[in-house]
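In the two complexes that follow, chain A is the common piece, with chain B as its partner first and chain C second.
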Partner chain A sequence: MQKLGDFKLPHFFNYPPYFTLQPVRDTREKQVQLWKDLILDYCRTQKIFVIGLEEEDFALFSNPVIERSLSHEARAAFLSALVSEGRAEWLDKGHRKCLILWHRVQDWADIIFRFVKDNGLEDSVMTVEEIRSGIESRGTELHGIDRTILMRALRVLEQKGKLAIFKGTSADDEGVKFSM
Partner chain B sequence: MATSSLPKADLTSSGRPVFLPNEIECSILSSVDLECDDIPNFPLLKSGLLILTTHRLLWLPDNNPSSSAAAAAAAVALPLSFVTHIFSTKKSVKTLFHSPRVRFQASLDPSKSVVMTAVMRGKGDTDAFLAKFWENWRARAWENDVQTQTQAQTAVGSSSVSGSGPASGSGGFYTREGAVRMVGVSGILRKEQEMWESTDKSLQEAFQDLNALMSKAKEMVILAEKMRQKLLSGSSSKSSATNDDEVGSKEEMQDWMLSVGIVSPVTKESAGALYHQQLSRQLADYVRIPLERAGGMINLIDVYCLFNRARGTELISPDDLLRACSLWEKFDVPVMLRKFDSGVMVIQNKSHSDEEVFARIKALVTNPDTLRTGISASDAAMTLGIAPGMAKEHLLTAESKGLLCRDISPDGFRFYVNLFPEISTDDVYLVKDYGIYNTWVRVASASRILGWSECRIKDPKPCLGHI
Partner chain C sequence: MRRRPGIGGLQTAAAARDQYRLVGENVAKIRTDMMKEQLATFRSQLEEFARKHKNDIRKNPAFRSQFHEMCAKVGVDPLASNKGFWAELLGIGDFYYELGVQIVEICLATRPHNGGLINLQELCILLCQRKSDREAVSEDDCLRAISKLKVLGSGFEVISVGKKKLVRSVPTELNKDHNEILELAQAQGYVTVEEVERRLSWTSGRAIDALDTLLDEGLAMIDDGHRDGKRRYWFPCVSSNSNPVADT
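What follows is the complex of A and B.
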């Protein structure tokens, strides 16, 4: 079976029609479904949070083994399908960059909640940067999390009164006061 | 009693009359009753088509799609040679209120003549019809036929003397006129020479101007028909002696002759208001042979070319063709017009089924080689024995049915068997032990291993395409 880095690719990745946007409705629905699953799977295992729409931006968009790559239209179609399902968001109006949410924001909030409980941090204060790259988060899914996603998940918790976000002197040292 | 009914007329399967050799249709009127008070048990011939040709007066029941067989049984024909008198219409107050009628006298058997009346209940120019009726009756075209036939017979007789022996010839070495016939090889050569000279002459005359061409068109068609007959008789009698080359060229020649062939094309002049209807029926009869050759489906554009070529000078417009085709829905004909999603229009047999084509396409895309490489429209065209344009339409239809899916790449536009339904969304790595997906995985991975090894041996570039 073919691999991309340490990611195991499914057999149909070598099926040429997989790389052409299918015009027939039923076939297309299945194709879009397979692409959505593959993109989410790959991003989760490779910890990719943002992908660009250009072909060279994302390894899955082309398959050199069978010399096929997705057209711009096809790439936009698959990412749009993810966006409409709430599993991705466009980062700009021109739809050139896409934030991939292999966990929805609500799920990320739950993960943070569990992380705080597991580490006994219920009433402590952490900087946002510490959550992303500190010793506590090492080995968890939070390690290396995209800042945009992290801030959104924190805001969800803030609205529920589980924590308070306060600004530091500069943008990159925002702090969080947990109160769970 | 033989006189109690008129001779039956033969109809084609789409309801057009079968014409005699050299017979030309001149006028058609609809909603005509044919009455005859002099004959007891005269059949009820109500509101049908009255067709006047150079040789006959035909009456066909009006189009009833459900009963073409019944229509064929009821159609009658009166040879114009039976007509002994045509009455001129009397202008009177009575005729103003009546439907116009044409009366004529005919002798169905030599001892007795009867008066028949055609009552025109539909729209149509009765006076013009009467004038043409007179004209054709006076012209006595059927007598010319008898003459040309006997001429043709003597001609065939003289040229076949050397082959079949003097005993079988109609008059031995002498023709009826008493001239000595040409015998042997020199005779054949002389005959050919004469024929070419006369052909050459008629060709030169024909091209002098367009009017001359129009008037010569009929002769040309007859000439073509004659040459075809001669070729046919020639190939059957001497088949053992001729080599393959000659047979081939003869067949080709016959093909050319055949494609000229509609002797009496339906024209606006002859059919009037019924033009499209009659054209439609004639077209249905005509397309049967080209359809058979093309495998049950043929492009409308191709039919347009073939049909106009067969009509010779009486060309029709694309619009007329389209209207003629769309009228088929109303008639009981074995062919139909079909429009593909792409807008391409074709003519196909009603019996032609897409399922059969799909089965063949499926067989084509699931063999180990094409499973891996897919097929292009021209691959399908070659296998199915049809035109590439047509093959593409079939492939696109098969795609829309979910049988195939497409692959567009710099290599071109190809079709693969649709594997998407076989792939599990719950476990993308799952390949069942059976089914087409499994076969494809095995074929694809085998070829990749093969492809890599080939690459190592040879220059990597040429085999990149099939990895």
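What follows is the complex of A and C.
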């Protein structure tokens, strides 16, 4: 079984036709499904939050072993399929960068909620940076989370009245006051 | 001296006929009795054999296949009914019915990938992976189970393409052209239009037409990624190691 780092690649990754967009609808649906699962799986295990659309941006876009790589059209098709399912979002109008949501924003919000409860931080104040890289979040899924996703999840909680976000003097010292 | 017609003559003739009939019936009865006796002996011998080798029949695919062969030679079908003494003795009916169900499941699970045509060998491997209680399953067993599935009229069929056997679980009719392409594809797992034309001496229209049908049926996948720029048609049903189901 071929591996990428410590990631076990599925069999279809070594089967050349999966690197060409299939013209027949049923076959293409199956193909897109396999790729979507693979991309989410890989990003989750490798903690990748943003992927660019260029071939060299993402390890899965080509397989040197069988000398195949995905065309631009195929790369866009697979990512668009993720976007339409709410598992990814384009970060720019030109569709060059894509935010991968292996947890949906709502799920990230739940993870933050549990993190706060587990650490007894119900009434405390933390900076956004602390949540991403502080001691408390070490070893949890929140450690190293993409800032964009984190802010979106925090806003979900803010709307529910679980916390308040306040601005510091610059972007990197935004703070959060939990009130759960 | 000619016998004259008369009541005595008629009675003598009737008595003679009766005598003949009685003798004939007697002979037939003796024959049937002997036959019955032989059959009973044969049956008890076969039962004894089956009882003695029950474990071998259940566990050993080679033995099982030879047992079937023997039964076929003497005109017994141990799978004909689940009620007979075979079933009670061996549970062999259940064995094949279970196998049949698992074959259907695998065919359905892999259908999106291979278009409903699966290599018998691969089917066997997948079956063995699934059967947790490790009774080995041979290709011969698969074929028997599939032949039982025909009763369902669901279109399960085994087709021979070149040296390989493929199990078809969709009602697609493959014509001779399609079979020849599949046979050609066995060498590398794929073909190109050029190759089909050259090896089978077809016109380009004929090759493209047949390949398009196979594509539409979900039996083929295109691959435009090779350096030489020639489109390859891959056939998951003849390539091993391409099956996503094997991952799990």
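Rule of thumb we're sticking to: the second predicted complex is superposed on the first by the 180 of 180 C-alpha atoms of A that agree within 3 Å, B and C clash if a C-alpha of one lies under 4 Å from a C-alpha of the other, contacts with A are read in each partner's own complex, and residues count from 1 in each chain.
In this text, a residue touches a chain if its C-beta (ideal position, glycine included) is under 8 Å from a C-beta of that chain, and two chains touch if they have at least 3 such contacts.
Here the structure is a predicted model, which means the values were calculated and not measured.
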item	value
Fit or clash between chain C and chain B when superposed on chain A	clash
Which superposed partner A:L34 touches (first chain B, second chain C, both, neither)	both
Partner chain in contact with A:P10 - chain B first, chain C second, else both or neither	both
Chain B versus chain C as contact partner of A:V65, first or second or both or neither	first
Touched partner set for A:S179, first chain B, second chain C, both or neither	neither
Which superposed partner A:Q22 touches (first chain B, second chain C, both, neither)	both
First, second, both or neither for A:Q106, with chain B first and chain C second	neither
First (chain B), second (chain C), both or neither touched by A:Q159	neither
Superposed model, chain A: greater residue contact from chain B or chain C	B
Which superposed partner A:T45 touches (first chain B, second chain C, both, neither)	neither
When the two complexes are fitted on chain A, the stretch of chain B hitting chain C, from 296-304, 368-376 or 458-466	368-376
Set of chain A residues, in rising order, touched by both chain B and chain C	10-12, 14-17, 19-20, 22-24, 26-27, 30-31, 34, 67-68
Contacting residues of chain A [partner chain C, same complex]	10-12, 14-20, 22-24, 26-27, 29-31, 34, 67-69
Sites on chain C touched by chain A in the complex	112-113, 115, 190, 215-216, 218, 221-227, 232, 234, 236, 239, 241-244, 246-247
Residues of chain A that touch chain B when the two form their complex	1, 8, 10-12, 14-17, 19-20, 22-24, 26-27, 30-31, 33-34, 37-38, 41, 65-68, 71
Contact footprint of chain A on chain B as seen in their complex	374, 399-400, 402, 405-411, 414, 416, 418-421, 423, 425, 428-429, 431, 437, 440-441, 444-445, 448, 464-465, 467
